[in-house]
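In what comes next, chain A is part of two complexes: it sits with chain B in the first one and with chain C in the second one.
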Partner chain A sequence: MIDLLGYGAFFTSTALIFGLIALGLNLQWGLTGLFNVGIAGFVAIGAYSSAILTTPDAADRVGGFGWPILAGWLAAACITALAAAFTGYATLRLKSDYLAITTFGVAVVVQLVALNAQGLTGGPFGVAFIPRPFASLQEHAVAFNFANLAVIASVVLATYLALERLSRSPWGRVLRALREDERAATALGKSAQSYRIQAFAVGGAVMGLAGAVQAHFIGFIAPDNYLPTLTFQVWAMLMVGGSGSNRGAILGAIVVWAIWVGSGSFTAAIVPSDLQARAASLQIVAIGVMLCLILLWRPQGFFGAGRKK
Partner chain B sequence: MAAETVLEAQGLTKRFGGVAAVNGMSLSVGKGEILGLIGPNGAGKTTMFDLLAGSVGVSAGTIRLMGRDITGEPAHKRLAGGMARTFQIPRPFPELTLLENMLIARQAQTGERLWANFTAPRRIAAEEAAAKEKALGLLDLVALRRLADEPARVLSGGQRKLLELARVMMADPKVILLDEPAAGVNPALLEVLIARIQEINASGVTFVLIEHNIDMVSRLCSRIVVMAQGALLFQGRPDEVAREPRVIEAYLGGSGA
Partner chain C sequence: MNLQFLLDGLIAGSMIGLGAIGVTLTYSILRFSNFAHGDFMAWGAYAALAVVGAIGGSLPMAPLSFGWPLLLAMVVAMGLTALLALTLDWLLFARLRARGQSIIVVMASFGASMALRSLLEFMFTSRPTYFSRAIQIAQPVGFGIRVTADQVALLLLTLALVVGMHLFMQRSQRGREMRAYSQNPALARVVGIDVDKVVRATWIIGAALACASGVMVGVLVQIRPLMGLDLLLPIFAAAILGGIGSVPGAVLGGLIIGLSEAAAVQFVGAEWRAAVAFVILMAVLLVRPMGLFGVAER
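For the complex of A and B:
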């Protein structure tokens, strides 16, 4: 029973971190209509930034800054915001599928840098010994898990409230107008370029923060964490929860993560051990099938703004 | 023409590849005037508007708004500078409510700055309340107030034209460029539209009007500029334009000898 509670806290924490990433995507896609398929890259930038800044000295890579965790998180959000703003600036003239393929490329580049710039990122070995909040509680698994859950839930709640305020503000109204008709918004005095870059930066900051929180939650990061599968998962979460809704982003993350984990355990239980590696693909199948079902049943997701006929 | 010039274009040219859609066109609009811009299809009227509004770049020529050279200024700065434009095919934000559509057009809103939403919430709330009041008043004027909280996609074609006009009024412009406001508008709504344009004009706002509805042009405009093949063909009072053989020939598809 205690184990189950601890696992529940662990599961919820992981899902909420995905929810945080989905909140960032919701600002970019749900509100502004920016087709960002480079999520994994921005999460990675945040994770590595905070990891490098907070870890103790390591022999074969830069480091030893030993910053406090909170400072690492803030720095991760700022650095990722800058990287995202730069991506936004470089892609100002690109729309929809062209923007998608470019952001996808950015994420691949980031992942390859993480894999190969050994002196900075530890290369394939990743970064270990990332300080974990409440490390002193580690002896008591349940207390440790719940303390972490409390921290993560607070970060998600604060981000949610800030993003809710922004999406209801005149600033958010301009983003929605740009999503609907960039030319009309420009004629009405809004600089499409400036707001696109801002949307990239704010969404990127949230994704980077999520990456940092996750890195400190697990205590270890490696380039394999930031493959395109991550981007795919987060998109599925936002679609299921309802694009345009911050609550939907969080709920969608929990639902999709539950299906992901559940289908993983399920295949592990029924598939013979020599086929396990191949059966892992069934997880992606499960998400795909569920996405189809939900989009058939409720195309706008759980909380998406329903189009009246 | 005695009044001061509000908007002046000189030698405006726009080439798309080898084609000059607008070719050395000049016009000048006096304060408080309603100037009609007419011409056969393909004469370059809408491109002329795009040039004036900055949504396409100028190949040659200059544009002055109240004496200030705005030729190279980006499109999004022109409304704050005092010049508004509407589109031939109206462009409401379909999923935004009518009220939100109106509020977007307000200029210099504190709440459109990212950080201000956390540092100056009261000022933003006050500005929003004032803007809302103005927006509802303008929606009332064009008989759309009861739809204020509906998404703009529910509007008919004619209502969209009215919304476009009301929307740019949120920015208190000095000059409004109207691209075919009467197209697709039923006769009853058209009367509302003409009455509103006259009222707004009476308050000192200058209009430039592209229109094929000659009846409307004659009623509203004191002076008409006729374009053909990207250049000025003729300008004068409505009755002069109606008698001018070159204008008649351009419309009837003469080879333009």
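For the complex of A and C:
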């Protein structure tokens, strides 16, 4: 029973972190219509930033700054926002597809830096000993899990409220107007490019924050955590939840993560161990097909406001 | 200084260029960047592998590591890859295109790409495989450069495909229609161009060239489900560098990217190879977003 409670807290924490990433994506895509295929890259930037700034000194890489966790999270959000703003600056005055291609490239390069710049990122071995909130509770597994869940839930809640507020503010209205009818909005004197860069940067900041929160939740990061599959999962979450809705983003994250974990342990239970890698790839096929089917038949998602685009 | 990297870059560049032709055509005619294009390469390579297996035996032709069965298999696989592209278009892209939001089509191609790639991993596992395990002896050709017979043959094949493509686009009726449609879809409709045929031709050409490129990667390097994903960024960068819609631009862009990658391997380190395409892409977007042969947006 205790185990189950602990696992429930762990599962919810993981799902909520995905929800946080999906919230960032919803600002970029749902509200502004910017297509980001490099989510994993931005999450990784946040995770590595905070990890490097907060970890104790390590022999073979820069570090030893020993910042408090909260300062690391803030820095992660700011650094990721800068990276996103630069990506947006380079591409958003051009065709919309160029942003997609460039974010794809960002993810590739971040992965490469994480793997090869050993002096900065620890290379394939990653960064360990990332301070965890409430580390003093670690002996009491359940209390520790729930304390972490509380931290993560409050971060998600705060971000949710801030984003809700933001999307109702004049700033959010401009973004929606730009998405619906760019010509009319620019005719009213709103600079499409500048607003889009802002939205992309703020969405990036949320993704970076999510990466940092996840890094401190697990306590260890490595390049393998940030493969294209992550990008893909978050997209599936937002599409299931319904793009444009912050509530949908979080609900979609929980549902898709439950399906992902559930089908994972299901195949692990029935498929012989030598075929497990194959079964895992079938899981991705299923999600890919699902994403396409949603695009075809239910583009507004399942939990969204149902508002027609 | 060892000049071998020039040859390596030329070969990598021609494979990237063949892929970029498909991307640039899809972008200029169907108006979306197809993230599944790399997976057409991988599917093409595996299709050729399956056909070679079905024919049985490789019967290598003297200095080459492959023989006529592989060439035959490549032609069959090109057809199969085209069939795959047409099926995807019919099931997915055409329906979404009809709704008129091009970014949704991009997203669908992203989902399809993930599914296609993982399906290959499911069927063939992620372990690399080869058309032939024979070792080829590289012959010196001067300036410290060594070349294998396979490399020469495939460079010639690329040259033939590119010249053929160029003539097709410039001289044939269908090629002219494709160019007309990419420049002005509305006007092309008015003068009676059959849009469905243009769309079909675009998919067939793009997929067939992707398959050829995939088979070449398979002959010279190896076949893996992720081979297409790894080439996707260089291909996009090449298409944008060359100027969207330009076939010679795509090939030239591919060669530039391939040579730069090889130079980076030589002078910076092999582990940074994949970053080269990104650096070039960013430079093009910041300095000359229309590319080398592109036309400015209206």
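Details
The definition used in the following text is that the second predicted complex is superposed on the first by the 288 of 309 C-alpha atoms of A that agree within 3 Å, B and C clash if a C-alpha of one lies under 4 Å from a C-alpha of the other, contacts with A are read in each partner's own complex, and residues count from 1 in each chain.
Criterion: a residue touches a chain if its C-beta (ideal position, glycine included) is under 8 Å from a C-beta of that chain, and two chains touch if they have at least 3 such contacts.
What you are looking at is a predicted structure, and each value in this text was computed from that prediction instead of being measured.
After overlaying the two complexes on the shared chain, residue contacts for A:183 are found with chain B alone; chain C is out of touch. Of the two partner chains placed by superposition, A:70 touches none, neither chain B nor chain C.
In the superposition on chain A, A:170 makes contact with chain B only, not with chain C. When the shared chain is aligned, no partner comes close enough to touch A:258: not chain B, not chain C. By the document's definition of touching, neither partner reaches A:128: not chain B, not chain C. Between chain B and chain C, C touches the greater number of residues of chain A.
In the superposed model, A:288 lies in contact with chain C only, and not with chain B. By the document's definition of touching, of the two partners only chain B reaches A:191; chain C does not. No residue of chain A touches both chain B in one complex and chain C in the other. Only residues 27, 32-33, 35, 92, 95-96, 102-104, 106-108, 110-119, 121-122, 125-126, 229, 232-233, 236-237, 240, 271-272, 274-275, 277-278, 281-282, 285-286, 289, 297 of chain C touch chain A when the two sit together in their complex. Every residue of chain B that touches chain A in the complex is listed here, in rising order: 53, 55, 74-80, 84-85, 87, 91-96, 100, 103-105, 107, 109-114, 117-118, 124, 128, 167-168, 171. In the complex of the two chains, the chain A residues touching chain C come out as 33, 35, 37, 90-91, 94-98, 100-102, 104-106, 108-109, 112, 115-116, 228-229, 232, 235, 277-279, 281-285, 287-289, 291-292, 295-296, 299. The touching residues of chain A, when paired with chain B in their complex, are 162, 165-166, 169-171, 173-174, 176-177, 180-181, 183-192, 198, 202, 305.
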